[in-house]
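There are structures below to look over.
The same chain A turns up in both complexes below, where it pairs with chain B and then with chain C.
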Partner chain A sequence: MTEKDIPEWLLKNENYVPQLDRDTFVNKSITSLLSVLSHIRRQSGHKTDLFGINAAFSVIFTILFVVLLSVSRGLVFVITANVYLLFMLCFLKSEDIVVILKTSFGVAIFTFIILLPTALYGNFYSIAMITPKVFASVTAVNILSRSTRWNSITGALKTFFIPDIFILVLDITIMYITMLGEFSLDMLYALRLRSVGKNKSKHTSLAGIAGTMFIKSKEMAEDTYAAMECRGFTGEYRIYRKFKFSFADALYIIANVLIILCFIYFGRYLRK
Partner chain B sequence: MHIPDNYLSPSTCAVMGAAMVPVWNMAVRKVKKDIPKEKIPLLGIGAAFSFLLMMFNVPIPGGTTAHAIGATLLAVLLGPWPAAISITIALLIQALLFGDGGILAFGANCFNMAFVAPFAGYFIYKFIKERVSAGKGEYIGIIAGSYIGINMAALCAAIEFGIQPLLFKNAAGLPLYSPYPLSVSVPAMMISHLAIAGVAEVIFTVAIYAFIKKVSPGMIYEGAKQKIKPVYAIIVALICLSPLGLLATGTAWGEWGLDEIKDVVISGKSLGFIPEGMKNGFNFNALFPDYAIKGVPDIVGYILSALAGVAILIIIFKIVSTFKKSKREKLQS
Partner chain C sequence: MIELTNVSYSYTDIPALNNISLNISKGESVTLMGPNGSGKSTLLKLVNGIITPDSGSYRFGGEEITKKKLHDNRFSKLFHQKIGFVFQNSQTQLFCPEVYDEIAFGPRQMGFIESEVEKRVKDCLNLLNIEALKNRQPYHLSEGEKRKVAIACVLSLNPEVLVLDEPLNGLDPRTQRWLVEFLINFNKGGKTLITSTHNLEFLQEISDRGILFDEDHCIAADMEMDKILEDIDLLKRVNLVDEYYHKHVGSKHSHFHLHNY
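Right, the complex of A and B next:
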C-alpha cells in the first residue's frame, strides 16, 4: 500500500476534545449495582458458613433473640444482649465488622435523635431502653446475614416447615437480583462507552434499559421454570444434606440458652 | 496499680500526660511502619490479654489487692512499641467503661503500665536472652523481665503517690491529694508487688508464653505456623475464670473510694480525714463502675464486663486494621 492509497483524512492530525458531559447518575447507578452484586457474590463464594454453625440454629435463635429483646423491660437484659452480640461480632472479618457497626450505629443514632424530645420532657426510660434495643436488633440480623450464606438460610427455612412456594420465590428472587443486576450493569457500561461528548438522550436510554430488563426477566422466568420442570422439579424442595451436630453448634446453643435464662431472670421485670 | 482520679494533683496528671505524648507518637509511627495489616488484630488480642490479667485481683495480707499487667508478655510477643499501644487502649477502655483508673490520671497510669512496664521488661528480657545459652536464656529473660517490669511500674506509681503530700498542701498543712508520703507509699506498694503481684505476673507470663509457643509459634517467630483458635481458647478460659478476681475482697493500695479513705489503717493509725482535693475533685461516672452491673450478681457482672472488654478491644484493633493498606494494595497503588 502506498501513501497515495491512504485517504487524506486519515493523515490529518485530529484534535477533537469531547465536550464534558454530566454522567454522575450513570456512575452512581453502576456503583450501587456493583455493591449489591458483590455482596451477593461474596455470599455465594463462601465455602462454609462462618462459625460452622448450622443455619437452622442461627436463623431460629436470631429471630427468638430479636423477639426477646423487643419484649424485655429490664435494662440488664438489653446490656447482656449487647455484650453477647459484641462478642459474636469480634469473631467476624474486619471488613464485615466495619459494615455492620456502621449500619448499627447509624440506626442507633437516628433512634436517639428521634427519641431526644421524650428525654427533654423527662422520660429517660425510653431513650435508655429503645436505643440499645435497636442497636442490638440491627446488629443481630446483620451478623446473621453476614455470617451465613443465603442458600443455607433458605435451606434452614425448609426445616421450619415454611411452604415451598415462599422458598421458591425467595430463592429465585435472590438469583434474579444477581442475573438482572449483571444485565443492567452491562447496559449501563454500554451507555457510558457509547456516549462520547454530550449525549442529551441519555436519560431516555434509561427507560430503554428498564424496558429491556422487563422483557428479559419475563423470558428468563419462563426459561427457568421450563428448565426446572425438565429436570423433574415438581414445586417441592427437599434437603439432601445430612444433619451433623458440631461442636460449634453446641457452643452456640449453650450461649443462647444462657441468653434465654438471662431473659427469664432479668428481662421481664422493670428493675430499678 | 490503677491510680484513680483526685489522688494525683491536676498538675502531676498534666506532666505525666505530656510525658506520654512522645511515646504514643513514636509507638503509632513504629506500628504503622513495622506491623503489616494482617498482624494488627494481634494487638487487639494482646490488649484483651492485658485487660483480663488486670481483672485477676490477687489478695495481699493486710487487706489490699494487686494484679498482674501482662506487659512483658505483650512486649515479648508483639514488640515493646505495639505493646505500649495495646496496653494504652486496654487502660482507656477500663477508665471509660469500668471506672478502673481515673480519667485525669490516665496519662500517669499509661506511663506506669503502658510505658515503664513493657519497656523495662522487654529490654531485660533481651539483655538476658542474648547472653545466656539459647533454650534457658529465653525463659530466664522472661521471668526476670516480667518480675522487674511490673515492679518498676509499681515503683513509679508509688513515687507518684508519695510526692503528692510533699508538694500539695492546704493552709493547715494537711495534704490536698494522696495523703501518704514516700516513706509510706513506697514500702506499701513495693512489698505487695515484690512479694505477690510480681510472682503472679511471672506465672501468667511464662504460662501463656509457653502455651503460645507450643500451639501457635507463628505469633513469636516469623514464618512458623500461626493458629489463632487456641489463643481465643485461652482468652475464653480467662474470661470464665475472671470471677476468681472477686475472691480478693480488699481494695488495692491507693485505689480507695471516698467512703473508704478515712478508715484506711496505716501503721496502726487510721487517716481520719478526707483530703480536700479529693472531696471536691473531678468526678467521672463510668458505665459499669468496678466491673459491676446494677441488678446483677457480682460474678455475672464480672464475666459480662470481661466479655465486653475483650470484644471491644478485639473489634477496635480489627477496625484499625481496615484503615491500613495490605502489601498487595500498596503494590497496586
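Right, the complex of A and C next:
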C-alpha cells in the first residue's frame, strides 16, 4: 500500500474555471420529487398525532368528510365545512399551516381557472361550488397527513379489519420509500458534487441512479427478510396496538357528528 | 456447539468461503478478523442459517443445519431463538414502524403472551439505556442508536449464541467502550459470543480466541488472541496492520494504534 507514490497532479492545486451549465428540466423535477420523498422523513421525525386523537378516527372521519363534501349540493354545508377546516388548521404548527394553505390555494386557483369558461357561459353554480369543495378536500387530506404519523395511520387500518401481514408490508414499503428517497438524494448530491464542468450525460447519470436504486432495494429487501427470519418470522404476523379513547377523541367525534348533522340539514338539496 | 467442516460458499461466481473448518464451544468468545472481502460476514451469515454451505457441513448443537430443515417452521424458529445476529448494517435489520414493536417482534413470533413480551421489551430498553427511543421510528435513528436497537431486538429472544458483525463500527468512543463492557459481561454470563471486527484495540478484552481470515477466504490462524496479536508478521501478511502500527513496550497492557500522518 505504502509503496505506491501519490501521482504528481494530485498534489497540485487545480486551476479550473467551470463552463456554464444549466440544470435541465428533468434534473430539476427529479430533485424536487426527491425532496418531497425526503420530506416524509423530516416531517415524521418527532411529530405526535394531532391533539392525541386516535388515528383510526382521523382516518375514518377524513374519508367520510371528503365523501360528504363531494356529494353535497348545498353551498351552506360547503362553507360550514371550510370554516370547520380553517378552525382545525389553527391548531397546527405555523409552518404546517403555510404549506397546507399554499397547496390548497394553489389547487383551488387552478380549479377556478379551469372552470372559468363555464362561468362565462353563465353557469356560476359549478364554479362557486366546485372551487370551495376542492379547497376543502385538499385541506382535509393535508391536515390528516401533516398531523398524523404514518405508523398511526397504518396502525389505524387494523381497526378496519385489514390483515396484519398487509399492514406490515405497507409499513415496510413506506420505510423503503423514505429510505430509497434518501439514498437517491445522497447519490444525486454526489453527482452534483462530481459533475464539475459541462456534464452532458446527466440523464445517463440519473438513469444510473435509478438502476443502483433498483439493485439496492432488492438487496435491502433480501437482508430485511433474512433479519425477519432470524427473529423467528415464518410467515404469520400479528400487530399489537393499544386502542385508547381519550377526551380529545370525544371532542373530535362530537365535532364530526355536528358536521354530519350539518350535511343532513343543509347539504342534501340545492337551496334556491 | 458450532461445528463447521470443510465449508465452502460462493456468491454465484465470487468465492467467499474456502474450505473452512471451525469448532466453537459453548461459552466461548471468538472474534473473526481479516481484511475487507475476506468472508467474515459471509461466515456469520452461514452460522445464522441465512445461507447454507455449497459443500461441507454445518452443525449447530449436534444437529446438521440444512436448507430443507430451515424450511420447517418449527425447526427454523427453534434454531433462530438459540442464535441471534446483529447485522453489519443495522438499517436493514429494522423493519417495524416503532422501536417498541421492533424489540417485541421476536418474542411475539415465539408466541409469548403480551405481558411477558412487555416485560422483556422493557428490560431490553432498560439494559441498553434506550427507553427514550421507545416510540421513535427505527429508520430515523442515528447509526449508534440503530445498533443499540438492533442489539435489543436480538437480546429480547434470549439467544444462547450472540453473533455481531462489526459491532463497533460507526460508534463514538464512549459508546464503543460501553458496548465492549456489555459484551464482556454477556459472555461472562455463560453465553457464547461471536464477533467480527477490524478494530484491534478492544480485541483482547472481548475475546480470548481469534480467527484470522486471509484474502483467499481461508482461515490463516486460529489461536489465542494474545498470540495472534504478538505475531506481527502474520497480521501484516493478512493486511490487518501496516508499518505505521507499532507496539508500545513497557506499558501495562500492550496495544496497537494508528498514527495518522
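Observations on the model:
Rule of thumb we're sticking to: the second predicted complex is superposed on the first by the 209 of 272 C-alpha atoms of A that agree within 3 Å, B and C clash if a C-alpha of one lies under 4 Å from a C-alpha of the other, contacts with A are read in each partner's own complex, and residues count from 1 in each chain.
Simple rule for what comes next: a contact is a pair of C-beta atoms (placed from the backbone, for glycine too) under 8 Å apart; a residue touches a chain by one contact, two chains touch by 3 or more.
Note that the coordinates shown come from a computational prediction; the quantities given were computed from them, not determined experimentally.
In the superposition on chain A, A:101 makes contact with chain B only, not with chain C. Judged by the touch definition given at the top, the superposed model places A:80 against chain B, while chain C stays out of reach. Residue contacts after overlaying the shared chain place A:238 against chain C, while chain B stays out of touching range.
Looking at the shared chain after the overlay, A:164 reaches neither chain B nor chain C. Put chain B and chain C next to each other and count what each touches on chain A; the higher total goes to C.
Once chain A of one complex is fitted onto chain A of the other, the partner contacts of A:223 are limited to chain C, with no touch recorded for chain B.
The contact sets of chain A with chain B and with chain C never meet.
Taken together, the chain B residues at the contact with chain A in this complex read 41, 232, 293-296, 304, 307-308, 310-312, 314-315, 318-319, 321-322. Residue ranges of chain C in contact with chain A, taken from their complex: 45, 48-50, 73, 76-77, 80-81, 83-85, 87, 89, 91-98, 101, 104-106, 108-110, 114, 137, 139-140, 153-154, 157, 242-243. Chain contact summary for the complex, chain A toward chain B: residues 74-76, 79-80, 82-84, 86-87, 89-91, 93-95, 97-98, 101, 266, 271. Contact residues of chain A toward chain C in the complex are 1-2, 41, 44-45, 149-151, 154-155, 171-172, 175, 178-179, 220, 223-224, 226-235, 237-240.
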